[in-house]
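In the two complexes that follow, subunit A is the common piece, with subunit B as its partner first and subunit C second.
Our next item is the complex of A and B:
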């Protein structure tokens, strides 16, 4: 193990990897490094050795097979045995993990391992997690695991302070970033158990409308708008929001709308309107018109579904 | 007991066969990084071959014993634990290396090879169910995929594993294959109430399921498959939520006929007909499977028609099939890989009624498992 001359494994007999069993499938041609690293790491585990050199051996094994859950768990047990709840040592382990994370962004284990370390840590800090979260999001602004981990942190530390601002900054970079919109809803739903205060909701409505004006054909912002109404405003669309939605669908509801259909800016505005009209028998005619326009012109791939919505218009 | 082959002349069956068979033969060293997923590789290749109609139980009969070598019973009698570990080199004396993932893939592979004897007489059914039970975390309702590798005082779910809906699905599917058929039978091994509240946290405002409110087609398929397998607890959500979920799923089908989406870097008109895993992402062949499976569990074809299947088939066959190398890619510009090949063939087979997406088995194999392997 050339990169770590301080660790000696001469006394360890590497566990062999024997191939060529009868009926073997997926016979992998392991290389020499793999055989050595895995041989030593497994031998140390078999001896139940909890030592600095065993820790190093697990990092080498994990480097080669990032999904080797047994090694991650063994590593965690070594960390616990060697460092207990020593914050400084656990920070060192988090440093190692940051480095590993940057090189293996899609791995599943990195985030749950991190959670285990923070649960063990005597004084974990959200602050310490922010740089790695930031660089991972910069690298892939829609990385599902990273967003999930961030939300886990928010709940674990009970700290929502910077979250709306964080979501806004990502939405400013890309208004179509659905993760950022979901993050906003996550904050609204979890920060205050009773739901957000009225002035916060007004602010959100204003913000969302502005973002929709920037990019009207955006399912993420329209879903968010719908979510605000469904979750916090009894699902009742008021005249102002109806007018807002209508501004993206000029001419659709005119009595003489021609067969070719006018150009509209947003099929999601039309869906929003249709959904609202479908709630009241008096406006079924408008709902039918909206669904028909979606089916004929603006979202024909879901023709069957819009026909189903029209069939469902019953008092 | 393979499936009737997918009836479409555009499928280059011979090339796919060779692509899949290669993955079961000798693999170059770059595959060593997937060592912990070896039984997944076996499963994906066997399922893919079954979907194109190959009699895998005959062709790979000689591998039954080799597969069974990945199965272990730890302890005896009333307290035994049983399951599979991912590879023969990952079993380590003194360490607990069984995993839910390997156990499910091991069971699926043996089913593909028609090893009924394993299920009827050889398996330690209670041992497997106890292992699943030990991976359960009643305080959160989820599951780790394995146990702490060195037990301290008692066997505990691994503290370093994720506990998302994938593992819950695997746990429930394993219990199903071990004979559980309804809530009271599953309830013997897992605490269903916390499991369902775990579920409720994963249900999203706009329909679908995901982590912390962000819906995701893969997790949605896991959640709906779990409800389908447990069978008698659909009541944990109101019907309106399932309707919303159908709508959310249908909205994942990408269309090139919509008002202009200026500046959306994740929109490609070439994706028309394919499904994306989340809003404003590119289509990806594997989400065709996860969405189509979810829609079929929710009986969407009866409710709203099955036109989405035509668009999806066109996308999969015309855009993601590699006519030169065989196999399918995630989209129209990547190289083919085993996972997307398996999921695409499974989706095509499912749409022709020959694949059970809930158990991830060819329909005939699933039917046998459903009717024969019932708890004693």
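Our next item is the complex of A and C:
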């Protein structure tokens, strides 16, 4: 922070930052810098001083321990008091936050603070948020907080324009990125309140099948396919999709399938089929066969679960 | 430059970068493709330091290892994509992409072409960041399972005890200030871990000190904060109450919990959508913070209709198409930590059956993989010991309510005992190659407990009962909804019911 303006805190008596008890359990051996920075920030907070120097004190404290939520709370009070709903000033605060975010990608506090700033802002813009979101996801493609914040933004701004394309680009980069697949479902479920129009759903099914063909043993794309049927098609698998799933499990339902089981391309295809067969009493036999094959050959660690599913068939 | 020199330089660089608070800059610089070995070392040391606090479901960003730990095997070159001759790739493709359990030796070949012409392999194998990351872990786990094939796994209890006692018997080094706003967590993790291994190991002396420390973390009105002089925080309050429960009402300490004040404060955190947020002014509102409110209110006997209004609907909306639960009700990704919070929260409300339990069971089961044997927290993410509890507890809750079996407990136990601990360093860890920390030590042990007992529930969630699955369990039974030893929870709940 070499270019930061110099602030004077000489009139502030730093508050103690620990209880000072002899033999206190898990006492952290704070260094002098930490005691001073935190002590001053605490003293300013106790006075409820809302000033530029107090703002600076909170940024110093947050730099040292990003998870120090008390300082985030105080910082928000200062920003509200100093800037109110002045968009230009709030943009400056967002600039500071961008820089901080890039350096602390896994922090919890950043995101609710960011949401609070946008709610305060007189004219918040999704465009302003996109670069930082892009950069954060580029750096860590499954960062939970960033994806969650992106969804919050989409709903806050009511703007779904870029979302499917954004998810597609991440899936093109790594077809196993489950966060990106979830984002597609978020778009489908929220963009149109009544659910996606028929042609959009058809397009989505087509897209998903293409991705499955690219990498058949992928839990994310198969879960998504199942999700599309469960959420928008009453969970009813049609003959075409059954045919599609069967193409990854050749010979598995043949009457003379050997004990060792044939090679298949995807255990998730077999799961998909088993679930569909388990919905109809007429196809319980196929469901049982699929669950048994999963238990014996393709996914044996889940044998308790497969056994439970087989028991449920007769129940 | 040899490795030792590079390492020393890296440490020096790290010291400077830490001083300047610019770890990510060094990290990015290294990742940008710098071939300078020392930069890579620096970045790896940064990762060692940061990984403990950032990568998994963090109730806090817990920097829990002392000092810097550097493992030279982090210098293993990352596997080249699509290298058909690479044994690891072969193993990976064989077991993961093809889901078969054919012995690896069949695929070991001098001739690369042989492998590429194997029709089963040539088809549709696709190497991405996800597969490369997993491949590394598969290799590490396979190595350990091979080396320990004939070993009856046991918990290195005394080593772990010394690791936990250290934190309770010494001042903590300055770098632990990363936990400055999460101090009740450290108490809860260490006390719970000790107590699970042996009820006698949490001594009265430590219990007394815990009570004094937590009193310093409390506001006059009742709620608990992350540390002395801080503001109240919902998840720190949860850790503090659980830590106090572990103190066995020593010197009558439970009477000092101001439950009316805590209750009034909880009401102020309630949001219109039904969830609770972590602080009165700011803070996230998600399934985690909501669980923390419910757990504390239930344990203190103040789970009123007013407090519960709308909470069930909020948690139900967090369930996703995959079957697990996310952080927020806007179709977040299903995640082990949030799934625990939502499922345990629903159980506390008596509403577990209102979610799609079949899909939840399915999702839990899919977290366990054949090769690692441990649990992951999300689809296509890596195994991590802490999900032995987050996901293992959900499986235990479903089991207790008669809603089905999902995971293979004995295989998970094997992952915990063979991959989450080592003879070299006390404490439990995320996975091979990671350093132990207090967060993982607690949750891996709690997960271990969920593998050594079966669970059933008669009337209420505080009264979950357990039965041994192994002849000599390593740890005491944990209540999978509240994250406390079953007997500890029962006494605390009884006390508050009679208050």
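The rule is short, and it goes like this: the second predicted complex is superposed on the first by the 303 of 315 C-alpha atoms of A that agree within 3 Å, B and C clash if a C-alpha of one lies under 4 Å from a C-alpha of the other, contacts with A are read in each partner's own complex, and residues count from 1 in each chain.
Basically, a contact is a pair of C-beta atoms (placed from the backbone, for glycine too) under 8 Å apart; a residue touches a chain by one contact, two chains touch by 3 or more.
In this text the structure is predicted, and so the values were computed from the model without any measurement.
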Practice prompt. Using the superposition on subunit A, decide if subunit B and subunit C clash or fit.
Written response: clash
Discussion item. Is A:106 touching anything from subunit B or subunit C once the two structures are fitted on A? First, second, both or neither.
Written reply: second
Discussion item. Which partner chains sit in contact with A:236 here, subunit B, subunit C, both or neither? Use first/second/both/neither.
Written reply: neither
Worksheet item: Looking at the overlay, what does A:173 touch: subunit B (first), subunit C (second), both, or neither?
Response: second
Fill in: First, second, both or neither for A:48, with subunit B first and subunit C second
first
Practice prompt. Mind working out whether A:299 is in touch with subunit B, subunit C, both or neither, as first, second, both or neither?
Written response: both
Discussion item. If we overlay the two complexes on their shared chain A, which of subunit B and subunit C does A:279 touch? Say first, second, both or neither.
Written reply: neither
Discussion item. Per the contact definition in the header, classify A:22: touching subunit B only (first), subunit C only (second), both, or neither.
Written reply: first
Worksheet item: Where on subunit A do subunit B and subunit C both make contact?
Response: 15, 17, 21, 23-31, 34, 38, 42, 64-70, 72-73, 76-77, 108-109, 111-113, 116, 142, 144, 147-148, 151-152, 174-179, 182, 185-186, 189, 215-220, 223, 226-227, 230-231, 263-267, 298-305, 307-308
Fill in: subunit A-touching residues of subunit C, taken from the complex the two chains share
21-25, 28, 53-55, 58, 60-61, 96-101, 120, 123-126, 128-131, 167-168, 171-174, 176-183, 186-187, 206, 209-210, 212-213, 216, 225-231, 233, 277-279, 281-285, 320-322, 326-328, 330-335, 361-362, 365-366, 368-370, 373, 378-381, 404-408, 411
Worksheet, complete the sentence: Contacts from subunit A onto subunit B in the complex sit at residues 15, 17, 21-31, 34, 38, 42, 45-48, 64-70, 72-77, 108-109, 111-113, 116, 119, 142, 144, 147-148, 151-152, 174-179, 182-183, 185-186, 189, 215-220, 223, 226-227, 230-231, 263-267, 298-305, 307-308
Discussion item. Quick check: in the complex, which residue numbers of subunit A touch subunit C?
Written reply: 15-19, 21, 23-31, 34, 38, 42, 63-70, 72-73, 76-77, 102-109, 111-113, 116, 139, 141-142, 144, 147-148, 151-152, 155, 173-179, 182, 185-186, 189-190, 213-220, 223-224, 226-227, 230-231, 263-267, 297-305, 307-308, 312
Discussion item. Show me the residue ranges of subunit B that touch subunit A in the complex, using the header's touch definition.
Written reply: 23-29, 31-38, 41-42, 45, 60, 62-67, 69, 88-90, 92-95, 97, 99, 145-146, 148-150, 158-163, 204-206, 210-216, 247, 250-251, 253, 255, 257-266, 272-273, 278-281, 303-308, 311
